[in-house]
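Both of the next two complexes hold chain A, though its partner changes from chain B to chain C.
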Partner chain A sequence: MTKRHIIPIVYIIFLLLPIYWLIAMSFKTTGEILSGFSLFPQTWTFDNYRTIFTDPTWYGGYINSIIYVSINSVISVAVALPAAYAFSRYRFLGDKQLFFWLLTNRMAPAAVFALPFFQLYSAVGLFDTHLAVALAHCLFNIPLAVWILEGFMGGVPKELDETAYVDGYSFPRFFVTIFLPTVKAGVGVTAFFCFMFSWVELLLAKTLTAIAAKPIAATMTKTASSAGYELGLLAAAGTLTIIPGAIVIYFVRNYIARGFALGRV
Partner chain B sequence: MKTENQKAWFFVLPVLLLVAFNALIPMMTVVNYSVQETFGNNVFFWQGLDWFQQLMRSERFHAALGRQFLFTGIILAIEIPLGVIIALAMPRKGFWVPVCLVTMALPMLIPWNVVGAMWNIFTLPDIGLLGYFMNHVLGISYNMTQSPFAAWVTIIVMDVWHWTSLVVLLSYAGLVSIPEAYYQAAKIDGASSWSVFRFIQLPKMKQVLTIAILLRFMDSFNIYTEPFVLTGGGPGNSTTLLSIDLVKIALGQFDLGPAAAMSLIYFAITLLVSWLFYTLMTRNDTR
Partner chain C sequence: MTLELHDVSKQVASVTHIKPTTLSLKAGHFNVLLGETGAGKTSLIKMMAGLDPIASGQISINGTDVTKLSPQQRNVSLVHQFFVNYPHMTVFENIASPLKVAGMAKSEIADRVHDAAKILQLVPMLDRRPHELSGGQQQRTALARAIAKESSAVFLDEPLANLDYKLREELREQLPELFAGRGAVVVYATSEPEEALLLSGHTALMNDGRVTQFGPTAEIYRNPANLDSARVFSDPPINTATVTKTGKTVRIGEGVKWTLSGEPAGLADGDYIVGVRPIHVHPAGKAGKTRVALPGTVQVTELSGSDSSAHFRFGDESWVSLASGVHSFDIGEVHTFYLDTSNCFYFTQDGVLAAKGAG
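Up next, the complex of A and B:
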């Protein structure tokens, strides 16, 4: 360890402090939280977690979130794969314009779309379904998926495609048996990013659901306002929302840096 | 070189249809609202460009826009240099690399309202860790529900906490792509660490840093959930950023016309700035 390692260490401590506080709060009773300051829980309680795991409105929120996030990741990656291949390998009429138009949707403020989205998905009868949220999140996840995958595919030499065609591979067979395994790191990272951005988004998810598909994040805001200030419960629910992200990031740990660079390193 | 192939359109068709469904229909709805007035019951009157003209003169809009640019400017000025500094100081190989990367990515994986709630709990004056430390250990009066300055400092620190890692990870990805031979050559030439940074590391990071600025600009300009949960736009209107004001007008007051006009101007600004960055970025794209 040298002197310069102090910088990342201090930074990581700064990152972990609010997370520690959230976790510590989740093990305290409401009485202890409101009675004053304590660095560690004085009397450990699991009641907050027990409430979440036994009350369907709580754990249902997690299930809903995981369902629409998974549907969204599958759709986004599936449609982005051929598109990214086209962008990385071919020139076609309007390709640059189309690529930029896709990116503009990544730039659109969600607040702008909240109300029209509600009307659109009500009109097609999808309001309060998991599919509605999954499709709505495609707005920003598909452009991102195309962007990342295009970066990864651009790094694969074109000779690979040409050799395969000379060897008599048909396009679908080449794509599935040769090309996909070559860019599988990129596919994994892309799926991770779709998962991540769908998991953390709340405004659209909340607008498009009422009861049946309500995400966990919305359950939390409702509880915070209706049941007064149940900080312990809120902290426990918050702590549990960190876990799925921590699990999926483990699988792509060696590629996240490249993924954040959108495959362009 | 890429080959010309118009059939490639079939490959992008599914993407085009899905995104168009989500983008064009809502966008047309917004355009529709922006030129009409409604008194409820789905009765609309043609209003022309009145809303746009009103908005251009509205002090409330100017104030929200000003706060938005201030916020985005401050967080870019902090996060970009800080991210680069941290990335430079990080180990390049060994056991600690994945540990660092995963812990650093953690804040970005937390739902945005939880980020807001978490910082709310963290900064409560008498029972939050930071709030207690500031008020009772350092003796600095700190309460963001009362002081606009404290509220601003808090949303900025929260955003730095939330997103600096993005800059770190991007810069780090750029740094590890530099071949070891470059450093050895610099060593032989007796280059100072400043010139190593200036002539080897910075050029390599140029492209990833452009991506970082682009992403941070877009996302911070559109920020809604975190500051809304943390401060609710208060105290007063001091932290009412553009999105928060927009949602207040659209869903709070149900003034659909002005809200839609505001949305379009808002979107146009994001688009313009992002287009500038994108052009810069693709110009440097060597592939």
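Up next, the complex of A and C:
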């Protein structure tokens, strides 16, 4: 091992340490966690995971989260596709201002919207439904999706559209059979970002749900039981929340950087 | 087959992009749109293809008014300067796509695709995707798609501009035979005068959104109707200078003059603009009946292939001389060039051809 390897290795250890600690904790008993410092679980236990997979209040949280995150990703991408196409292909009055205004939606803290959403959804009977959270997250995700998709679509020459029209493709047929496959990497990355933001967002998800659609992150904040904090259980739940993101990121790993650059090269 | 434009114009936000244009384009030979970048070639093509709306006028194909028809309904094909193919489809699917959209039977699609692929030497690549092909093959795929469709008009918008030199030559040679006997009206846009001459057929010269002249290519090369046409159809650009005619003598600047005979001799006395193509300004030779010595200060010299060109100043004007063979000049030297007065065009001050030829 040469000198130039040392810094990256130290850096990676630094990054992975909290994740390692979380995983190690999830296999310890709460007693061991509280008793002192140990690098490895002294007594391995799968009880924490067993509890999560058998107790409906636990695994239900995961199911709820996955449901509203999926609904949100589908809505966001479906709505953003035509919008991004319009922004990338047409010039109209105020297009640039409107486009920028979309992004400003992301600049407000979620807390600002928690109260109006709560009141509105309670009034129309959406409170404590998966759709409520999915729609609330659209406020942040649709602008982001439009920006990312517009970046990818901007990279497709307008001549492709023209060639297809001349070849006889109607607009809907062109959009579905030619344009979408051409920007499929962009659609994947967009869906990933929507998934990620919706998955980690806690405040709105917690405010807009009570029991029926309670997300996993909210479940995790309510585990101070009569026996004190169940740290091992929390660690196991935390470990499991990393997995969906890791799976999704695998599929778009080659395009993530472009996604962070909002699709622009 | 014919494609006719009648007083067709285009406006974008009250700015006229294409001035009212009337053209009758026929099948059987290439119809070249020749003009610089921004002259309106692509605009005109997009209007003919139905991609851009027209402000006024009428477009008809084979006598049928298609002005209000969408590009999908016009039965035309388009090949862009950039190699535009459907990236997720194989070459076969690319060529087949317009036929599939039209709802043609599978067996007939396969026949037509193979015919087109054979002509364009794409048979071994039919299963590949466009990004696995070279630029030349990608453009041939686009051409094959246009041919297989057997549309009534084919628009080629500078299809060779993005290819390297060798491929361009190769494909340009193939182009006329590719479309021969297909009965489609072929419209070919280019910015290179040489390309128009090589493809022959008819040429429409375009300048600033206007067709300045239209006719058989060789004829309009020999007889530019106006200064704009002469400028468009010359590469390097045509030399122009103001001359004064008195009697049978023409004077250009200080001390250079020649005697007119034939057609130009009959012009009324006064100021004219003389136009001389660079190939008629010789870097060597000797003065004679139709050769006038022109002392110029050499500014820039270029060698391209076996041709050499020299930019020089004479009077207030910048001149270009183009000759085959390698000639060497020293920058800044005063070199005697020889103007071929038998190949001069005389334009009125408004830029209309007044007389040409014999010095």
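Side notes on the structure shown:
The rule we apply is simple: the second predicted complex is superposed on the first by the 252 of 265 C-alpha atoms of A that agree within 3 Å, B and C clash if a C-alpha of one lies under 4 Å from a C-alpha of the other, contacts with A are read in each partner's own complex, and residues count from 1 in each chain.
Going forward, contacts are C-beta pairs under 8 Å (C-beta built on N, C-alpha and C of every residue); 3 or more make two chains touch, one makes a residue touch a chain.
Predicted model, so just to flag it, every value in this text is computed and none were measured.
If you put the two complexes together on chain A, you find that chain B and chain C both fit without a clash.
In the superposition on chain A, A:Ile33 makes contact with chain B only, not with chain C.
Taking chain A as the reference, the larger set of touched residues comes from B, when chain B and chain C are compared. In the superposed model, the angle subtended at the C-alpha centre of chain A by the C-alpha centres of chain B and chain C comes to 90 degrees, rounded to the nearest 10. In the superposition on chain A, contact of A:Asn105 is made with chain B only, not with chain C. When the two complexes are overlaid on their common chain A, residue A:Arg173 makes contact with chain C while staying clear of chain B.
In the overlay built on the shared chain, the residue A:Ala83 is in contact with chain B alone; chain C does not reach it. When the shared chain is aligned, chain B comes close enough to touch A:Leu93, but chain C does not.
In the overlay built on the shared chain, the residue A:Glu159 is in contact with chain C alone; chain B does not reach it.
In the superposition on chain A, contact of A:Pro181 is made with chain C only, not with chain B.
After superposing the two complexes on chain A, the closest approach between C-alpha atoms of chain B and chain C comes to 9 Å. In the superposition on chain A, the residues of chain A contacted by chain B and by chain C do not overlap at all.
Per the touch definition, chain A reaches chain C in the complex via residues 157, 159-160, 162-170, 173, 178, 181-182, 184. The touching residues of chain C, when paired with chain A in their complex, are 46, 49-51, 70-72, 74, 76-78, 80, 82, 84, 86-88, 97-98, 101-102, 142, 145, 149.
Those residues of chain B lying in contact with chain A across their complex are 2-9, 11-12, 14-16, 18-19, 21-23, 25-27, 29-30, 85-86, 88-91, 98, 100-114, 117-119, 121-122, 126-130, 132, 136, 161, 164-166, 168-170, 172-174, 176-177, 207-208, 211, 218, 221-222, 224-225, 229, 242-243, 246-247, 250-251, 256, 259, 263, 266-267, 270-271, 274-275, 278, 285, 287. Chain A contributes residues 4-8, 11-12, 14-22, 25, 33-34, 36-37, 39, 75, 79-80, 82-83, 85-93, 95, 98, 100, 102-117, 119-120, 135-136, 138-139, 142-143, 146, 154, 196, 199-203, 216-217, 220-221, 224, 231, 234-235, 238, 241-242, 244-246, 248-250, 253-254, 256-258, 260-262, 264-265 to its touches with chain B in the complex.
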